[in-house]
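Chain nomenclature is as follows: A, B, C and D, assigned in order of appearance, with residue numbering initiated at 1 for each chain independently.
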């Protein structure tokens, strides 16, 4: 393979012939342009140029291998050019946000002194880049549902039982028949880049299950490789609107060894996440030290109101139905089917009638429809209005869980297990795999202590009458 | 026509003969004094003098044409005098508030970066003159109803449905049979001066309907001229206590092409809007840098507790009744009649029994009776107590709407459409017509996204069971 | 009468013979010591000395005349001594608190710019001496009931009616058959010194009724003299535990022309008003600039946990009963009897059964039992549980009223009128009689406007169905 | 006994032979290591060295006598060594926290000016060492239950009765037949060191009862010695998991003269008290002026998630049952048995069925299971759902009591008496025995005043209908 001069590469800077340089290698991405999940425009901005840095910010290293056929790998740039490009990248001045992140990592506390998931989130808010924090933490509109997902738990108090033998307390359970050391699983969280491997490894070490997002930066293959042979992984499917493509994906997943399909139905379009949309402007203004101002005569900026997620869901199926989609899925896989994104009692009943194996009550962490009912409230309504649902399928919830007591509340009301998403992204981004292991251990400690204090030696001892929905809004102790 | 010397004009400085100079032309306003909506006193303060500046602050350019017969247009002042007056006006030192407003306009963000109606309101609060902001934003007494109008929406959560085909989502509807691109209309907002044209044009471009206030600064003729030929406008009638004058107004409106009469019944007297009342003092103290203090011996200042609105409603009919007023109105016009200002279930029923075509549930944006029930709560009570009302007339609400989800909630409960008032004044004052277009587009984006996420492809798919009134008070996410 | 030397006076400085100098006259207060409502100790601190200043801070000028027989007026001090005492008083350095008050009076706004009772209260909080503010504003324990008295009104919203003829709106009513220009009266507020005359005069000018406290600084005679001949005054009786003394007081009152007896039953002991108790220490520390600190060996300070009120109620009857006290009172007066201090439905019924003419629902402005039910809530419970009570006697409430809408709410629920206490003390202390007149005018403006906007032309048009108790907590508009 | 050289002592610095020097005496603690409630590790850190200071911080002076047989008292160190050790201890530089505490003690107000239990708590928060404050004040997880214990009282308002003879008001009662001057007792509060004697003496002086914690720093013998001969003490039993050891403890207690056994069932494992866990790090960082930071390569710090309490409960019985434990206890003692830690109606009923003499509704001051129901709410539920329980045993509550009104509310609902724990620790640590006496007097004053104002001359006059649970959240008066 010949080595390319920068001059040669520069000539391919249009949609008709678009080359880019990544880590000093040249790639022809012309045919890939219409397929790029992030859109063609962002690639064309770097057409004929070095795109290494922006590529690294967003993609996993194996992404190119995954999406581009070998014939499009055109070979290296000339030695001297490579040296110059590397030098330019290495000597680039750090942005203010990068400097802030570096400082924050130096100042974060010892992992042993992180005592709660909320504390871990606070550290992540300080150590994550603005862009990543804005994407992970953002939620739709006025962030009401995001906030209420968590606060809703605070309206459930315990009727704790005493004088029960709890000296030997075991918090383990099963999910779809697979063992889990505690009734907690990793709920799909997209775009974690390398993080996904840390999360998978941490989950494996601590014996909990993971639902892998189909929007993960890493391929399903890469993630399953990171797992131990005996580790169970589930797959979160964003169904493509083209049935054939969706079927291909499902068959591949089953073959790879994933154990269940979580069909995502709460994210067929992107929610209105303002913090995420605003993120590039915030960085731009931070870097320049100047706020952008209105100029009547300037061309109108084209704003992507879909934000980061907009590109991810563009090809998803917006016309799924109980009648059509579930039978189709049953027809192409033997894996258990769980519908992820149930938000009311009626749809829990519909799911049971459609014969799926489980439902995950979720509003996508408050990232989609603002004022969607908090999952613990939906669970509570199913318990009161249609307890028969719990006999027909397994019920899980995610959204707003921070404490072992939150987990216990959901289990008392009938959930088989609860999922956490952001918590793992935060732990991973602050401390890597060790952070993931840490929050699972914290949850286990809190779950066991709470079970003993509520009078339950096994998760099957947790009963609806042990929680009571109160009519006041609790608040933490005011500091003197 | 002769040119007048300033000396000659100065001689007409009493109620018996009152001349004023406006834009270097002399007008005899003697006969007009008792008719001036703002009262005679304010004119007499400028009798025999140049009143251009204060005139421009409050009136539309065509106001003089509208109210003064040609015989009272006495002609220009002498050339030299005109030059001096113009010079004086041009070299007048700007007030502190004017300087602040100019600076604020220079610092406002690009329109493309305004992501919500709340953000637009914040920009308006910074770019409006104190006087205008105080008038637009003020509400009665302790501003409880103003605040609760908006907060009341936050008690309604969604029971969102999934697995419904919403790929093709259409948010359009009709109001009184006229098409609207989204279920939103411009609710009458008075004293916007030139703004009214911008609002009309923006509404026309985006295909939504407008209810024009009879207190608009521009004449109904001027506004209808600004509209496109196919654009639909409604008229908000403040009924004069003299039936003959009211009838003349109604017949004129119908002839001009307005398509419906919104009879205003919630503003027969002016509410107690302290911020508006206080506005001249605040400006005076800001300018002097000194707070006014109590002097026992000084003459008592005469305070207009009616505020800006006091003058506007002075001649309104305070003795309207269902039995008398509706038949009278039916007798003089063929236009549909909508009663604007319904505030309880009983009056919604009374309106249905009186046979009107629609009701607009409104408490005048919290500007009238403090502790009037929030409109969405009134709508909810009608839905629960008297759902038959929805079969008898069209129901609209205004007050407190900021988001697409607010609109969806009202439609689920039975509203045909919702009105916004201040939002258009704010958008217009910050960015002109482009601002008006912008907020309609933001609302459309939010409405469509929310409809898809709630499982509705058409507005007719929005059902009462999709919203649930909750017993807690939601709050946005706390920042870490 | 001879003139006394200071030396001679000094010799009478014990409880056996106790003289004091007030405004350069000598008084023998030996026999009066045990009767002094403020206790003997405070007088003895000034025994044999000039007590003018402390006397003036607390007593009305006629107090000495009232309580001390002429034989104890011993005559003036010698001329030279008088001059020296006057000089000392005049040249005494002002305390920091006095200086603050003087400055505050210079900075208070013009009365015309005071737009609400809350604004008036704020000015009073700045212009009152610390001691007076602490006494007036203080309430018991954690000030919950004081606060809730006012906040409770905010849970009552209006179902306003439209299309009713309200052009001619009359807010007048009667109380026990006596006319009142608005349904508001002055509820007894003690220790206002000269203020009491200003309040009486202001009430007379504006045509409202006053209930005069038996703890007033001025004598009942002095107050009735300040009233106009046609002005109606009621008397608030703190019943002495000795029936004969109480009877004497009642007979005197009736003879003086007071028109009703409000028997006070909610203040038989003093509430725990910490701010009032703390007031002398605060002043002491303010003056010295040093906080007092714990000294294990110092003698223990004797704290009066009864505060200012403790001395006032020391001789009150703590063993009143419905069976004994009401018949006794009926037996000695023909005046109508109103029980002031009803705090629950059961006692409203008991009062009706005891045959009294009226009840004043009151918890003494939150100054007595903390967590006593707010009066508007008690009124609401009577309306729902025992509406027959309203047919048997007149019902009034006081506590927490700031706005015309508060008055309207109480009247809708069945109150005949509402009382305000602190509001008049505040208005008087900030602006004298003019302040009193001002707040009555503000209330009238608010009451009339609210009546028109709720659809009521007369107070008799105010109905229970016009108010609705809501299940949320309203809050004023957040400032941007 | 010979005197030891420091060299000789140093040689015994392992678990096989472990000597320590305390107050210049040498002790062999080798055999005691596995029994130390605080764990062996902390002792081994001082093996072969002077441990006086750390010993004094935690233990009562008689602890060594209690736990170590005389044969292990090896005698003094050599004179010169003793002098050097004493000198080192005396000249040790004070820590920043010690300096802060000393300053705070100098600045605390005169005891006479402390007007409430909340004020006392605030002073304690300033005068306690960080370690002690963190331990006393800490509560589990997010401190919700700790906070709600107190706030729950604020939802109970009074329906106060008037016109009842309360001139002679007596707040005394009995608990298990023993007289108490007010219906308040000292609820067990552990680790108060010498404090425990001050609390016992103060309680004795003021005639109230005390429940002594088996985790007290002082031995049960030492405490009973501090009491007056006629003073009644109860014992709070943390049952050892070895029945024989527990029995020995119970028999000893009965013999010493304790009058009842409060069997603790709400603290079989330690709650998750983060402030307590964090306390050593906070001190370390305060002293060094540097926050600890994450070092990937450093050894992982071993965190005791059980905190201070973890060691205390390690040997407690976690397998108690109604069927087994109560009959066992009945079999070995004639003392009345009270179960401390009931947290729901079902267990109150279970206790009644098990035939115990009383229950103490308690969630251990919010230190154990977060979101455990507040005691006053549990009491309220028993009153409404199972009032028969009150006929079968005596009911007490503790947790969240600050005011006389709180006590009254509990008594109205059926409690025989209420316990306070932290309040006594706080009062003692701020002012010693005088502080303990003070808060009892404050409570008595508040209780008597409240009884008179609610219309109760005796505690037996307090009835359920005098309190009403309201549906709003009260708040104290906002400061102007």
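Following the convention adopted for this analysis, a contact is a pair of C-beta atoms (placed from the backbone, for glycine too) under 8 Å apart; a residue touches a chain by one contact, two chains touch by 3 or more.
None of the values given here were measured: they were computed from a predicted structure.
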item	value
Common touching chains of subunit C and subunit B	none
Most distant chain from subunit C by Cα centroid	A
Copies subunit A and subunit B touch via same or different residues, half shared test	different
Turning angle required so that subunit C lies on subunit D, C-alpha fit (0 to 180°, nearest 5)	90
Whole-Å gap between the CA centroids of subunit A and subunit B	45
Subunit B and subunit D, separation of their C-alpha mean positions in angstrom	64
Junction residues of subunit C, two or more chains touched	471, 473
Inter-chain touch pairs (all)	A-B, A-D, B-C, C-D
Contact set on subunit C toward subunit D in their complex	121-122, 125, 139, 141-144, 146-148, 151-152, 155, 241, 265-266, 268-272, 274, 277-278, 281, 291-295, 298, 300-303, 305, 318-322, 325, 339, 341-347, 350, 363, 368-373, 377, 471, 473
Residue numbers on subunit A that touch subunit D, as the complex places them	106-113, 115-116, 154, 156-167, 403, 405, 409, 431, 445-446, 449-450, 452-454, 465, 468, 470-478, 480
